[in-house]
Each structure stands twice: as structure tokens, then as C-alpha cells.
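Got a structure for you, questions after.
By letter and in written order, the chains are A, B, C, D, E and F; residue numbering begins at 1 in each of them.
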Amino acid sequence: MKKLVLTGAAGRLGSYLREPLSQMCDRLVSTDWTEDIGKLYPSETYVKADLGDLEAMEAVLDGADMVVHFGAIGDEAAWDKILHSNIIGAYNVWEAAARKGLRRVVYASSIHAVGMYPKTQRIDTEVPHRPDTYYGLAKCFAEDLGSLYWDKKGIESVHLRILSAAQVNNPRALGSWLSYDDLIHLVQQAITTPITGFCVIYGVSNNDRVTVDNHKAAFLGYRPKDNAEQCAEEVLAAADPADPHDPGQMCQGGPFASVEIGFSGTASMNIVQDKKEI
Amino acid sequence: MKKLVLTGAAGRLGSYLREPLSQMCDRLVSTDWTEDIGKLYPSETYVKADLGDLEAMEAVLDGADMVVHFGAIGDEAAWDKILHSNIIGAYNVWEAAARKGLRRVVYASSIHAVGMYPKTQRIDTEVPHRPDTYYGLAKCFAEDLGSLYWDKKGIESVHLRILSAAQVNNPRALGSWLSYDDLIHLVQQAITTPITGFCVIYGVSNNDRVTVDNHKAAFLGYRPKDNAEQCAEEVLAAADPADPHDPGQMCQGGPFASVEIGFSGTASMNIVQDKKEI
Amino acid sequence: MKKLVLTGAAGRLGSYLREPLSQMCDRLVSTDWTEDIGKLYPSETYVKADLGDLEAMEAVLDGADMVVHFGAIGDEAAWDKILHSNIIGAYNVWEAAARKGLRRVVYASSIHAVGMYPKTQRIDTEVPHRPDTYYGLAKCFAEDLGSLYWDKKGIESVHLRILSAAQVNNPRALGSWLSYDDLIHLVQQAITTPITGFCVIYGVSNNDRVTVDNHKAAFLGYRPKDNAEQCAEEVLAAADPADPHDPGQMCQGGPFASVEIGFSGTASMNIVQDKKEI
Amino acid sequence: MKKLVLTGAAGRLGSYLREPLSQMCDRLVSTDWTEDIGKLYPSETYVKADLGDLEAMEAVLDGADMVVHFGAIGDEAAWDKILHSNIIGAYNVWEAAARKGLRRVVYASSIHAVGMYPKTQRIDTEVPHRPDTYYGLAKCFAEDLGSLYWDKKGIESVHLRILSAAQVNNPRALGSWLSYDDLIHLVQQAITTPITGFCVIYGVSNNDRVTVDNHKAAFLGYRPKDNAEQCAEEVLAAADPADPHDPGQMCQGGPFASVEIGFSGTASMNIVQDKKEI
Amino acid sequence: MKKLVLTGAAGRLGSYLREPLSQMCDRLVSTDWTEDIGKLYPSETYVKADLGDLEAMEAVLDGADMVVHFGAIGDEAAWDKILHSNIIGAYNVWEAAARKGLRRVVYASSIHAVGMYPKTQRIDTEVPHRPDTYYGLAKCFAEDLGSLYWDKKGIESVHLRILSAAQVNNPRALGSWLSYDDLIHLVQQAITTPITGFCVIYGVSNNDRVTVDNHKAAFLGYRPKDNAEQCAEEVLAAADPADPHDPGQMCQGGPFASVEIGFSGTASMNIVQDKKEI
Amino acid sequence: MKKLVLTGAAGRLGSYLREPLSQMCDRLVSTDWTEDIGKLYPSETYVKADLGDLEAMEAVLDGADMVVHFGAIGDEAAWDKILHSNIIGAYNVWEAAARKGLRRVVYASSIHAVGMYPKTQRIDTEVPHRPDTYYGLAKCFAEDLGSLYWDKKGIESVHLRILSAAQVNNPRALGSWLSYDDLIHLVQQAITTPITGFCVIYGVSNNDRVTVDNHKAAFLGYRPKDNAEQCAEEVLAAADPADPHDPGQMCQGGPFASVEIGFSGTASMNIVQDKKEI
């Protein structure tokens, strides 16, 4: 691979991907909207660019083979913000990729595209969308966008529905945790698999309590190694009793699926923060 | 029903709906962006309003029970236009409906949300999205939006994936035709069914050669009566031989699925016209 | 057919079946627990017998080809009553049929065996049981009993999951109504089909708004003719607005699925009445 | 359509197809292995040709648009005969069609390709093959052959799994009957549908007791009109009691599925006759 | 967990569960119908109680969080015995749990609820019931009972369909064996999973030759470790040739599925023994 | 096992099976069409025999319990050759097995029976056939043949759809590789499983990038141990960029699925070689 582009390089997950991606290509171009991202890895360069600016994205993608698109608001936010960064931003990445003849987009989708399914219902990668937030709604949009560009323009895309990449400090994470090592493995498979077409895969470690099903995407060869179960006893002992009728506890999307905390964008809902990943 | 709102009332399909809808409620508010829509039916009033203006939509929906949302660019168009009218416009309708406490949105979705499936593959109402154009992509978005507002806000929505409402003058229409009578019947069922939750149904007549499957939405009681087969002999005799490898001929979306005519928004693609329905 | 037995012959549905069944066999033996059932049809005899008495059932079934088993408490009731009449009673019928070498049991099962599914979810005849009451639970039991006797003893059984056989005077009935003519047709098919093995079929008329799916039982040739839609306009106009979150309104089982009215057997729940059918 | 070829034109079903096919094209070439087939229809010519002779088939198909392939041994027969006429014969037709650039093969397949499924199990057009005889095995072969030539050479094929085209004089026929009118309608749809790719459809009338499911082939617009139910009362009254454990009575293939009568090719099995259709 | 109740504590499987369960709660109440169960573990108390006595069960469950219900006749038995211990007994446990406000029932269901499926057919946790004995029929009943109490009363239940917990001394056990360690792990998961709703899971070790499919219950995090394959060579060498048409050898239920040995309750069938587990 | 027969014993895969099979029975009869196969293993004898000669096959199979049928042209070839060796040859083996009362045929089927499915589509063992060559077509035939002899004659068969048994020297092999050790394990399970009926299983190692799904055949206890992933980095680095629209690269069948290289039997297509395995 000659040139690879990483968007959202300054974000939480993007930061972890810079080093391994820099080793997979002749030239890694990292991009985000901050001024700089600190010390660069060999083969890496940094370009400040706004996802909302199509011409800027074209310039960044020029000559690249693939783009790993992790840049977006990484949490629930007001509609206008999601619209700008996550919907229009996704369009700009795919359209620029098509104009510049890239082969593939590897995209940080999310469990929140299907977050309203109960965790007791095993979901595979072809269940109908069921978003839990504006954030999840934008992930649905980008998946459909990838489908369109594959069918009409031949641009491949791999949509990584990441479950949760935080620490294992709550019962939901026993099933949803994605370790950084497994994340890196997942992105590598999405890049090196010779043919992917349009496909979707859940980004989750090899947890005992996993609630999603990747068997339709098995051809990608993603075999996670980490397992949150080592934290189960401690986490469960510390947890309050669960309410089996609270969407925030019973649904795949966790707190995003809660009725109270949601997508209303009100001032009191302080989970809205820009530029965090996933 | 006390108050019902119809968007896109000046459009091709909207025009046909005004009279039957006016008979189903105490007060029908028709809206579009033209200055007026001619002679009004008893119980009907007309309000000029822009779908892109959330406050305007709130004012129109105030006090309504349901909104029948047919307003949008009714054909493939450049991304910016689709974004404004069909994506942001849909958001504004649902958000206004939520703020004003409406019970349900009846939405003119389209076969183009799944237009890239081959016609030889029977598709039901739960297949994954597979849009054929920006137009279809926006329909996917609005379906996911409806799912979100039902799961989180309790706003019901019925998504009518209309196949084709034009004349039966080409082979595709033998399978895809929706007569105006059947359209009216379909919208009536979507309104009068006591509980719908979030649901999707194909809008197509009782054609012999139908390529889609409504059995999962049977509870709506939609039983179309018209059948395009009466035109089959004439239409098939006049048609050029089909190419089984041309997406424009083999796919559900018809011409929208074609590789050549598509979503690129170039100047030479003169299928882009605003404010036509479906 | 030489001898046919009808249980529950004094019940609401049983009464309608006596005449048509009497015309399908040399000898119809009607049975129930009342002293008599009035004027008999040619070929019909009446025997008072208690479903709870295995020896009595053996005597009634002796020499019969098939039994049409409609005898049971026809409504939700206290556990002890359901246990006696509907669970032990069903066992006695199947066990007597096996001892006396009958070929087949035609059984009045009920939608209440799967009453907790939402009406917006199309259910076929192989969905897992999901009873809404003790009454429905006993129907589940009898279906499993029929499966056992078919697999182990070769006794065929046709389980008619009747939806509602009352008048069309509420919105649910628009989808669930089974006319008496269609009921008779259904029972006739269940009797005359040469081979049935163990099978399940929904008993519902050809209503536009039907919520269940009989395609897996199509070999029985049941094609209902009546349609509740003729009552739709009147019924819907008279109905209160529906609550899409009330199980009693959104579920297949209707009022039986309601949280408030239920299977608790308390004194205030005056829907408990013995010996009504369905 | 300029030229159409019909094989098996002297056979039972072929004879019925000659006239309607002769009206669908400029030139119908009928072929079989008899010397002549009597009076010809306008536009029809007859050519004697052996299915076992590839060069002869090439000559017959030269210049044709499509071939309707009904020529084969129409009943169970010894392996060598089935091999020659039904397996090698099918290969010759498809290979000749490919060499001569035909667009499509319309093929008389049979329920016996899936004859060992119980009639109580609804089967659609994608269930795995389950042949009941050598005859059925050859039908399976030709279906797979059609799949291969479509995927590799672009030759379309429509495989008509005919159930039974005899009179309605036994209980099985109540479900399996295909009237001649419906047969003609079916073949016409298979010819006139603009794009078919490779597809399979059951050839059966609109019988109440149908045991197969054509919904995946609905795009062909086949809507049969006849119904064997009018004979039900008479047929069932005359029938012996059925044995629910006899494959010959419980399986889709009827007598072909019987253990006793079968594919052993013994002398006592006088159902083996050449050159009958289906 | 403050208080946990174990029924069937004197039974074969119950005995193994006492110690691990005693370590998972402040107070374990073990119950059965024997006078005592020998030496108690710390935190354990023993109460003699009859499953057939609702009031007694209410007293035992008072104040408990969950009940692990393993008490029942553990083998095929005459109908009256199964009715009393396994059907009425199950009702009493669930009803007492509801009256006393317990959160969850963990239930020893059995493969015999679906024992008549062939082992060559992979079955998941949602296949329709297909019991092989009265014993299995009662398990079906209890599963449906659990479904009802979850839907109507909010009582969660986990139904462990145990395959076989005996030694690995016959070919069937190579696929069906559940080791005691894996049993304990399974029960622990059923207790500690924060939300289960109503769910079913097969109780079987990580055997190479497993015939059932737990993927829909994966959220429980049950990952068995033992594997019967270590005994395969020895067991298979010692076994008689199998008969592929004998239900007792080809079906999931093993000997319970046999035609000869069955549910008839005759004196010669000495597999009927009370109070053994599974 | 007293007597076991291996056909194709001189072929590439057959050679590897001789030793392990010789250890599983009292007497192994190896057969092929070469004069001899070199040094024999204890218990092994060699018989030269032509698969095309039914009487010869009868003689070889006389007294055997099972036959492991690996003899066939192991590559794409002209139709006449495939017909003789792979279609008629398969018939002869099954018919001889039936005449001589064998219990089971273990058959070397191939991925090429379903080779036209894209590798991005996970396929299980019940997808409809979709052959990529005459070679694959003959495998389809033999599978259907096995189904027929099981349903009608009670001859069991296990169909091993081997993916690729060559070295791991190309990207496809990362998913399709079957190691010799895993092949031997697979054949052993097919032989020792007490009851198999008719079944299909993919022959592939435990590769990370596997594209097929064996869960429906899990009862055979096949758990492969080798994994081609160790070669991934080297193989992928050496590979040319893939073309996602080339069937030869995107389909399960690999080069056999290519349009250019195919089943046309032309002189320039030098992949046609007799007597290689798979």
C-alpha cells in the first residue's frame, strides 16, 4: 500500500491507530481538525482539514489507496452538530474517495446504529437499522452511503460497528468491550482483506457475554483475543440491581438507549461532547 | 381526526391526496412551497411553508394528530439539494411532530431505498437498505429517523415505499405500478389503523408481476385492486430486448439503478428536477 | 367416516358444529357436561360425559375415527379450573383416543397460545409459544400433547388456533374475526384432509387486516371467504384512540394480553366464566 | 420473437403447447424423435431430431431466440435410459443453446426433483434438492446445469417444476394438479418476462390444497386460475383411507416417493414408459 | 444476593449445586421432600417442603431473590406422577415466586422438551417444542409458564435444557454430556447475568459432537470447558452398530424417543423412577 | 469395521488416506485404475478397477461396510470425461453399494458444487447448488444421488465439500485451505459417527478467513486444528491487487469461477487434467 489516510487522528481511537497504520503503508497521512497531533511516526505526516470541506478532503485523499475514516463527533450531540460532522462529513469522505479513485473506505460505525435491540436478542450484521440517538442515526446514514458507493461507483467499504472501547467498569461492558489490541487487529483485517465489497462487522472482543454475531462477516478473518470476563466478578459485585424494563440497561446501545438520556439536545444533557471517538 | 397535515400538497402525488384526506378529518392543512394550490376542498386550508424551516413546520403541525409527509424533491438531484429538502426536511418534520405531540407520521418513502436489489430477488420489508441514488439514500435516512423517534419518543410512523406511480408504459411498470386509487387506499390504511408503531410497506398495486413482499405489513389491511397486467401485451411488444446484466433493467430501482444515469450530479444528467413526487 | 365425536357440543362454537358434522359421518356422538342439548340432528346422539373422567372419555370414543375436541373452559379462569378442564381434560381426550385407536384429534386451540406477540409482528404457525393467560397456557400444553402423541403413537392432530369468533364490534376483531361459515369450513378441512400428521393452523376469516400467517398449513386447503372489513368504517369511528404501549391493544391476544386483566384469578376479575367456547 | 424451438413436441404436454407457442413467434420449430406429428399450425415446422445428438440439436437451435425443452422420458425408467435422454439430452440442449447464442431455455422440470419432502412441509423454490427417482435426479441435474450456464455463459433458464398434469382422480391431485390452461399461461410467462436469469417455479394450478410456494418467483407474473377443489368431494369419497407413514402418500412426489415402487428398474415395475411427458 | 432457594436439593444434580450456590449468597435455603440432606454448608439451611403445596412453597420463597428450581421427578413416569410433581409443582414455584416478589426462576428444563428432533438436525433455542415423553411434555409446560410469568408479571426465568448429566458411556453421550463443572458454571451464569428476561439455553458441555445451538442465548456468557470426545474411541468401539431408523438412536432425546420404551406408564417399563434428576 | 473400500487410492488425496484408513478396519481394499499403488499398508489390498464398470464396482464392494469414494477426475475437464468418470462413476458406486448392502458412502464432494457464490456471502451446507464447472456440476449430481439412495434405499452418505487441499500460496487459500491432518480427521469422523443419514459438510481447516459454515453438520464432531493464517502476511504481500468484480477472485470457487477459464473444454484451457484429486 502506498498511501493511507486516517481521519480523526487526534481522537481517542484514532490515536491508537496511528502507529500500526504507519507500519502498513509507505505513507500515512493523518488528519483532524486540531493544529497538530504531536510527534509523528516514521512515514506519517499530519494535515489539518475539516471534514465539512469537500475540497479539503479531496486534497487529503489525492493519491491514496484507502481511507480509514474515524473522524466525527464521538458521542451524542445536538442535531446540527451531528449533521455537520457525521452526516455531511461522511458524504464528503466518500465523495472525495470516489473522485480520487480510492479503492476502499474503512469506517468507524457503531453499535448505536442498532442500539435499540435488546441485548437478549442476538443480532447479526444484516438486521434492519434501529438507531438509539442522532449519533447512531448518522452511523446508519454512513452505512447506507457506503452501500450506494459500492453498488454505483465500485468503492468498497468496511463498516466497523464498534460496541464500546472504554474500560470494563460496568456490566454492559462485559459483553461490549473492544480492547485496543483487538481494534487494531480489526482495522488491519479490514485493510488487508483482498476483496470486501460493502460489508459490516461488529467491533467487539472475544467476550464470553457477547450479544452480537459476526458470522456473516467471517471472511474478514477477524478473531479477537481479549475477553472482558476477567473483570466479571468484580464488576457484577459492584453493580446495582438491573431493571429489566429500562432500555438503558436492556438494550444493545446501553445508556444511549435510555429514554431519559437521549437525543433531545437539551442543555442539561451533559453527555454531549464533541470530538470524542465512539 | 381533528387536524391532519399534508406536506408536498402541490406535488404530483400530493395533489391526488388532497381530496380524500380532506374527507377524513375536521381540518386538513395542506402545505408546500408554492404560493397557492388553487381551489381548496371543504375543510382544507393551505399554508406556504419551507420544509427546511423547523419553526415553520412547528407552526404548521401545531394541534395536528398526524402528518402525511409527501414533500421532498421527487427525483434524483444533486447532493446539496437532496440534503436540504429530503434529509433536513425529514428531520424537521419529525422533530416538529415530536415537539407538537403528534401521534404519527405517514411518509412517502420509495423503492429507491432498496433499489439495487435485483427484481428476480423477492424482497420483503425488512431487507437491509440498498439505495440506488442520493434520492434513495435520503429515503433510507428518513426510515431510520422514523425508527428512532418511535423507539425514543413514541411517535409512530408508516413508511410507504412507493414503487412507481407513473403510467404503465414500460416493462418495469408491469411489476411496479401503483394506481392512484391504490395509493389513496394505502394512505387511508396508514392513517386509520389504530396502532402501527414503526412500520414499512411497499406501495404497489396488485400487479401479477410484483417483485416485493408486503406480508410482514399485512396488519395494515392494504389490499390493492388494480393490476398493470392489462397493459402487458402492448408494453412487452413495444419494448426493446432486455439486457439481463444492466442494473437499470434488472434491479428494483429501474433507471435509477443504472450505472450511467446516477447520482453524480453532473450537468448533463437532466433527470434532476425539483418538486416532482416519487 | 363411520363415527365422529364432538366434545363441548353444548358450547357456543360446538353448537354451530353439530349440524355440519352430523352430515359428514354415519354417526355423530356429541358430548358435554350438561344434561341434554336439545333437539338432535339425524345421525346424532348425545352423551353426557366429564372431560375429567378418562374412563368416560374412553367409552365415548370407542369405535370412533376421529374426535373434534372443543370442550373446555372457554375463557380465562382460575388455575385450578383450567388445570382440571383444559389440561387434564386434554390429556384424557388424547389418551382415550390412543387407547381406542382413533386416527385423529381436531382441537380447538387458540390465538392465546401466542397472544403476547405484538399484532404488528406477523406470526406463522411455528413461532415459539407465548401464552397470555392460563387459558392460553393450557392451549400450549394441548399442542405439545398432540405433538407427543403423533411422534410416539401415530395419532394425528390438527390444532385450530381460533382468533375470535365473536361479533365484529371492536378494532381488534377487524383482524381476528372468524365467521361461523369459515369455522365450519376449517373444521371440515381438518377432518377430510387425508394426511395431516401434527399441524397447527390459525382460525381466522379472510380479513384484510389479518395478523397471522397460515402459509405453512396451506396443504389443508383452508380458504376462508368472509371478511370483517365491511365493518371497518363503523367500528373504527366508534373506537377510542388506541394506546400503542398497552399490551391489551397492541398484542395478538387482545384484552387477554392486558397487564391489568389477566391470569391472577382474583375475585374482581369477572371475565372468568366457565364453559364458554374460545 | 423470430424463432422458437419446442422439444418433445410429440409428447403429452408438448402437444398442448404447439398451438399457443406457434402464435408467439414468427417461426416455431417443433422437434421430437417420431417421424411426424400430424397437421402443423401456421408458422410451425417439424424436425425429427434425437436429443442425444449434440450436432442435431445445434442444427435445430440455429437462429432461435429461445428453446422450450420438454423432450425427455416422462416417467421413471431404468438408469441407462434416464442417463441418455434426460441427462445427456439436457446437456445437449444447453450446450447447443450456448453455441448458437440463444437467450433462454424454458425447461420442463418436475416436482420429483424435490419429491421426498412431506406434503405437510411447505416447500419454496430454494429448498435443497430431494429427488424421489432417477427421473427426479435428472431434473435436479438439469436445474444445476441451467444454473451453471447462466453463471458462466449468460444463458437464462426458467425451470418449471410441474407437479401433475393428469386428471384430478386421486387425493394427491387435489393439491398437485396443473390444468392445461395454466400450463400454457406458465410457459407464456416464462417466455415473455424480459429478464429471468436462472429461476425455478412450481407448475401447479390455483388449488386450495397446494403444497408448494412460488413467492420467490412471483416476478414471473404466473397467476394460475384453475382449481382442483371442485373435484374434492367426489375424489375424497372414493379414496381409500390414507396411511400417514407411507412415503407414497405423504410425500410431494406421490407414488414416485413410495418405497416399493421406485427407481430400481426391475421388470415388475411397469410404470416405466418412454416418451411420456411428466 | 441475600437469599437464594434451591429445590430438589436432595436430587442427583441438586446435590452438586448446593456448595457452589451456598457461596453465591448470604443465605441458601435448600429444599426437597426428604427429611434431611445431611451436613449443611455454611450459609445453608434445609427445609422439607412438598412442591405440590403452594402455601409451603410461598413460605420457602419468602424473602428470596431467586429460586433455582431443580425439584421434580427426574425421569419418565406415569402421567399422574408427572402431573403432580412436574406440572403442578412448576406452577406452584412460579406462582409462589410471583406472590413473594422474586426476581427470577432458574429452571432445570431438559432436552426432552425437544427430544423428537433428529440429532442430524441442528436445533436452536427457538425451535417449536417436540417432546418425547410425559417428562418432556412437562418441561414444555414449564417453559411456557415461564414465558407467561415474564410477559405478564415481569418474573424472569432461565430455562436450562440439560442434555445428559450421566457418565459418557454410550455414543449419544459424546454429543449430549454435561459435566458437573459445566453445570455449575451454567447455573452461575443464569444467576449472575444482570438481565435475562425469559430465555432458554441448552445445558451441554463443549463436546465436539454437539447437536444443539446456543447462539441465541450467547448473552448469558456460558462457555463450557469439558469435552466428551476424550471417551470417543473407547465408547464407539464398544457400541453396537446403530440403526439410523430407530428414533431411540437417531433423535435428540435418545432412549426417551424410542417407540418401544415410552410414555405409556406400563409396568414393564422400569425406567420410571421418582426423584432422580434429569 | 470389517471391510472398508477406498476409491481413487492412487490420487493425490487418496494417497494420504490409505494409511489412516488401513488402521480403522480389519481390511482396507484400495482401488484405482493404475496397475498398482506401490507398497501396501498392513491390512491393505489393492484392486485395479474402473469406476465406469458397475460389475467391477460390485465385486470390489462385496462384503464391505462402507466405501470412501475419492475416485474421479480431480479437475475441470471436457464434458465427456466428466460424464464418464464423475457422473456415471458416482452412480456405479452408489448402485453397487446398494446391491451389496453397504451402510454408507463417504464422498469427496467439492466447494465447486457451490463455487459461484461470492466469498463475501457466508454459505451453509443447505444453500442451493451453484456449480462453477462441469466438475462442480458432477459433484452436485453425486450429492443428489446420495440424497436419493438415502431416502429410497437407506444408504447413508456423507458429502465432504473439500475447499482446497493445495499449499497456501495464494490469497484464496487463506480461507479455503484444508490441511492433510484435518482431511484425515474429517474422513475419520464421517466414518465413525454412528448415524449420519444424508449430510453435507465443508472440508476446510480452522482458518481465520473461512467463508463457509458447517454449523448444521456439527453433529459429526469435525473440529479442524490447522489454520492458514500463519501464511497470511507473506501471501498477501506477494499478491497482486484483487479485482472485486472478477468472479475468479470474488467467488468461492476461485479460478474455476472465472469467466475466461471455464468449462468450455477448449484446447487452450490446459487446466484439464485427469486423475488429480480436487
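Assume a contact is a pair of C-beta atoms (placed from the backbone, for glycine too) under 8 Å apart; a residue touches a chain by one contact, two chains touch by 3 or more.
Keep in mind it's a predicted model, so treat the numbers as computed, not measured.
Q: By label order, what chains touch chain C and chain F together?
A: Common contact partners of chain C and chain F, which must touch each of the two, are D, E.
Q: At the interface of chain B with chain C, does the proportion of residue numbers present on both copies reach over half, so same, or stay under half, so different?
A: Result for this pair: different.
Q: I'd like to know which pair from C-E, A-B or E-F copies the A-F interface, where a copy means over half of the contact pairs are the same by residue number.
A: Interface equivalent to A-F, from the options C-E, A-B or E-F: E-F.
Q: Could you please state the distance in Å, as a whole number, between where the Cα atoms of chain A are centred and where those of chain D are centred?
A: For chain A versus chain D, the centre distance works out to 52 Å.
Q: If you average the CA atoms of chain D and of chain F, how far apart do the two points sit, in angstrom?
A: Centre-to-centre distance between chain D and chain F: 31 Å.
Q: Cα centroid separation between chain A and chain E, in whole Å?
A: Chain centroid spacing, chain A to chain E, equals 41 Å.
Q: Could you list each pair of chains that touch one another?
A: Touching chain pairs, listed by label, come out as A-B, A-E, A-F, B-C, B-D, C-D, C-E, D-F, E-F.
Q: Which positions of chain B touch chain C when the two form their complex?
A: Answer in residue numbers: 103, 154, 156, 192-197, 199, 215-223.
Q: Where on chain E is chain C touching in the complex?
A: 79, 83, 87-88, 91, 95, 116, 126, 128-134, 136-137, 140-141, 143-145, 147-148, 151-152, 247, 257, 259, 262-263
Q: Flag every residue of chain B that touches chain D in the complex, lowest number first.
A: Those in contact with chain D are residues 118-120, 122, 171, 174-175, 207-211, 213, 229, 232, 236, 239, 241-242, 244-245, 249-250.
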